[in-house]
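The two complexes that follow have chain A in common; it is paired with chain B in the first and with chain C in the second.
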Partner chain A sequence: MTEGSILESLGSEIVGIVTPVSICMLLVVLLVQSLTPHGSDAPVASIAMLVYDEQPTDSFTEKLGGAMLNALVFVIIVALVTFLLVVLFYFRCTKFLRAYMGFSAFMVLAYMGGGVVVLLIQNFSIPIDAITFLVMLYNFATVGVLAVFFSKMPIFVTQGYLVIIGVLVAFWFTMLPEWTTWVLLMAMALYDVVAVLLPGGPLNMLVELAIARDEDIPALIYEARPSARNIAPMPNSPHSVSINSSATDLAGQATQIPPRWRRRVVTAPPPSNASIQLPANAVNESAINQETVRPVGISALRTESQPQPPGQAQALVPPHSTVVMDGVEGNSRAGGRSEIVNIEALLDDVAGNGESGVLSGAIKLGLGDFIFYSVLVGRAAMYDMMTVYACYLAIVAGLGSTLVLLTVWRRALPALPISITLGVIFYLLTRFLVDPFIVNLSTHYVYF
Partner chain B sequence: MADHQVEDGWHGSSVTESHESGIPGEGGGGGLQWVTVDGPLGVQQEEALKLARNFFYGGFCLLPWLWFVNCFYFWPVLRQRESDPLIRPYVLWSGVGCVTMTVVLLAWSLTFAIGGEDVFGSSWKHLAVYDLADKYSMAWS
Partner chain C sequence: MLDTKWETFERSSQRDEMTFVGGLGYTLIALGPAIALFFTVIIGKPFLILTLIVSIFSWLISLVLIAGVWRAFLPSESNVWVYIPLLLSAVCCQEAARRAFWHLYLKVEDILNKIAVRLSKPRLHTVDKLEIALAFGFGHGLAHVIFFCLALLTPSFGPGTFYVPGCTQMSFFLMAALTGLSFLIIHTFSMVIAFDGHADGNKSQQIFAPGMHFLATFATLVNLAEGGCVYGVSATLSCAVITSAVCWKIQWDKAGADPFTSSNLNRTHH
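Right, the complex of A and B next:
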């Protein structure tokens, strides 16, 4: 019965998370197609290019070797920054993390957002003047920082800004050279698995710390709305996936727990163009009891079970799944060697304080996963739309299966590996097998 | 046993104790059950008042978008005349401010875009974004 009730609402919850991912990918594809349809001419210097600067004229082995070195360096730097994050979280430097994250978010939105908009203006020759442009950019960036980190805002606005941050960072990443991008994606998928699942992995440690302290992880995390079933104002915990009406009857005097969306505002340190920054941390503001800010940054899929409200031993509360995605974003300016690693993590608060489980009860996906999915699809768009469709389907399939695994395993899971692997395989197959096949068929009129 | 103070004001100033249909949205019944556009997921009462006030004052830093978000956030309050008397003035004046600033900005921007060089002369080139971008070789590619 529990299984059935999970599956019932799983569909709407999956839709709630696949929609923003799809929107993010669509926007990145549109940007890539209009601005850099064949890849960037002058790839921006970044940490991902410390070791090897890819040239189109290099040989196959040179490119492959160089790309792998680049990816290795990048992953090592990400790991180091994550460990730094764990240390800072351990020593509760929350104010610093929070300020840093706010600054990073502002830089992403203002600088990278401004850069993209300027590119668009140049591309489409929009006759806008500098004053209007600056005012609008300033508005956009300020409200974005408030929405993501510092203040409660309409859910739609916060979600929208998270998606936009994902789009901007992903677009920046697509400007890396081709081989480096692909190898980097694979490397990040591997790192994700290691970091989240291995006991010594930084993300794992972060999750453990957060659980032990019952704190939240500060990170850029996208949280879907709780599905409608979870919002019914029952005297019981309104976040039950399965509406056990019998449970509500039994609940009786249980206090009503209002449904929450993002009960703790999680923020993650967005990239900044200073030198290597901390990974994104979510800053959580405990809505009800404490005012502590809890930084944690982890991406993983995580399921939490809702603690039984007191006096309702009979109620079978199905576990909620929270998806935490591991994300890393790097950001660098041309000529600057700065990268910010955003490790997004989402650790849903397990309200283990004896109260009725007040969980946000929705699926959460770290922003890094948004970013890397979009990078993959953006790269595919630089070849042809056929690869885009194939990669999109692969990624959504991977995401769906990861979500299903989440309900089975009920722990933090990395969201990158399955999707990225499928995406890369599909990209290679489509590009080297399907594409010549289709093109030749069309040109030779075998099918009408 | 949950110490959720918010629950005390959960039903707000609603006259009728009508329950939500379970879908986030606006309140039903005579009074206002949910003051924010997020419905049961949004903030209530004291927190809502604090937010409305902060957004209102924040918008004076040349942030009409913040005022717009304020109006959007408290749309149910704006729609009904007799809703929350504490929050409504902030939201109302945010709306007025937003519209005013937008009109001013739009007027300037349209004059610039449509008037072009005829109106501005040579200084048009000094203000247009794509000219400035070319001049400073901005952007990345």
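Right, the complex of A and C next:
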């Protein structure tokens, strides 16, 4: 109402990342609800089930042990592939990586997308002939690959395709048996911590390497850059902070951060040691550059999904899930804000993309986070909608607190652990405490 | 979840369009005002969205706590009186949460004003404050609707319906939707009234919010009586109407006293 009210600008970056995550989860839940026969586990073979083939009739210990083995093997494969990626990146096999990324994205969109659409067509008896379907599918997948990797498209299209890739992969993951899914989620959260935070962690190395070389991080990353606003992420922002979930550690130490992201803009303004670096023309310049700049950030995408023979769930080596807050806060204002509490720092950072043009932080979240959040929610959807809502709220709360930590610690952070832990805890609480409680109350028509 | 309860469904042989429309109808009854509120007030302001999420999540935590305490003592047909201490503790817990929210709000307001000054933006306006209070309350109301109504509505989209013995007048889903609607309105606007009361030091307004919450909650106990659900749901709906009317009255009077805000207030309260 009031022109330029602070409520309108504060938090827009967080909402910008929460919205696509929510959309992704919503789509997965809808798919699960409409395509999975209620309560049935129809396990499909996949890489996540190399060791143990879970059967609903197995005993508790068998399931737990087998699921842990499965998860362990899966995490080891993920780690190996990530190391392989680091090695390829180290030897600058950029062409190969790009081609592989494009190929895997095409396979996800065409093969897995096609599979889902065929299921939908069968389920809802949609009349369509094979040729039309194939042509449309081919177009859909090709545009997707181009949007995600190669050409400049409206950022909305790119973001949309990223969410679709996340939805498709997550949907196939929900076909894993129940115990394997839960243990796998927790194992991935643990792996995430190790891979991102430890110095020798593959994702950490990957990002360090990318930063040292001034290249793009080879990972599938969703970038929450507001498309409507014409303020590009500030090239000259001396700081970049990233949360990073299984992929990338952007900011080793805060002191090293400054030069790292300047590359993102083709014509980067002078180095950031000029701490009063935010004159109006800098803003304009970066706004002009936005179109050129955008694909650079976005194209840092990579999925390790491998196409598999028909009838198998896609096993996906998680794309390096990362939250990166790019150019969050300038040193220029650091002095002014030292006394401020953390939350305020966050709000402040987030407010940066306002008209004041102070800074525009683009938070980046790895697609792996999208996928595993959605897997959790999709798995919860196989029990009941109540667990879905609880898990959704828990995951968003976890994501929010990770973003708060991001501004406090100013380094790449794993985005899975807090959210997944909260999600699992609230799933159990809701399933065993809240659900019977609410059913009892509401079937007696007693509410509060 | 309710699987055991649904066994008595009259199942139709094929997908029933009528019940799908019915399910949609129940959802819209419960969520209609919520959708309107969300798209008119909340959606354009990211900070309000965050406030909303915090509020919903905290309500969920309070629900988990209450459920954890009472899970072992869930009443059955023979000992319905257990609902009285249960509801009492639940309402007390949530009113304590409201109190905590007020203190949180004071902090948030302070921080927002500091940031506003730094970004050379206007400090929080009366309407901004109202909207924050509204978002807090709306979060509580929405959480109630989500867990007590929306989560249970899923079966209503499928074939069949469900009636609880003792209430033949309306289906379980309609009952959940109507009560959900009432509590959505009560929670939303009583938070605005309470925050306003705290801000002005107005004791009667501070007492109004918990009072109305107690009243509406214990009105639902009427539903336990044979055929009492019609009266119970009317009572909770009246509580909702009273709450919104009181909220409207308070803000209208204030707006009259302060003409600067009057034009804006109409948009906050429809």
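Definition applied: the second predicted complex is superposed on the first by the 293 of 448 C-alpha atoms of A that agree within 3 Å, B and C clash if a C-alpha of one lies under 4 Å from a C-alpha of the other, contacts with A are read in each partner's own complex, and residues count from 1 in each chain.
Just so we're on the same page, a contact is a pair of C-beta atoms (placed from the backbone, for glycine too) under 8 Å apart; a residue touches a chain by one contact, two chains touch by 3 or more.
Everything numeric here is computed off the predicted structure, so don't read it as measured data.
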Touching partner for A:142 - first (chain B), second (chain C), both, neither: first
Touching partner for A:429 - first (chain B), second (chain C), both, neither: second
A:131 touches, of chain B and chain C: first, second, both or neither? first
Partner chain in contact with A:96 - chain B first, chain C second, else both or neither: neither
First, second, both or neither for A:83, with chain B first and chain C second: neither
First (chain B), second (chain C), both or neither touched by A:439: second
Partner chain in contact with A:153 - chain B first, chain C second, else both or neither: first
Intersection of the chain A residues that touch chain B with those that touch chain C: 354, 356, 358
Of all residues in chain B, those that touch chain A in their complex: 1-7, 10, 19-20, 22-24, 36-43, 47, 51, 54, 58, 61-66, 69, 72-73, 105, 108-109, 112-113, 116, 127-130, 132-134, 138-141
Interfacial residue positions of chain A with respect to chain C in the complex: 1-2, 4-12, 14-16, 18, 336, 340-341, 343-344, 347-348, 351, 354, 356, 358, 383-386, 389-390, 393-394, 396-397, 400, 426, 429-430, 432-448
Residues of chain C defined as touching chain A within the complex: 1-2, 5, 44-50, 53-54, 56-57, 60, 63-64, 66-68, 70-71, 74-75, 80, 83, 87, 90-91, 94, 111-112, 114-116, 118-122, 124-125, 127-128, 131-132, 144, 146-148, 150-152, 154, 164, 167, 172, 175-176, 179-180, 183, 213, 217, 220-221, 223-224, 229, 232, 236, 264, 267
Residues of chain A touching chain B in the complex: 35-36, 40-42, 44, 115, 118-119, 121-122, 125-133, 135-136, 138-140, 142-143, 146-147, 151-157, 175, 225-226, 228-229, 231-233, 255-261, 287-289, 310, 334, 354-356, 358
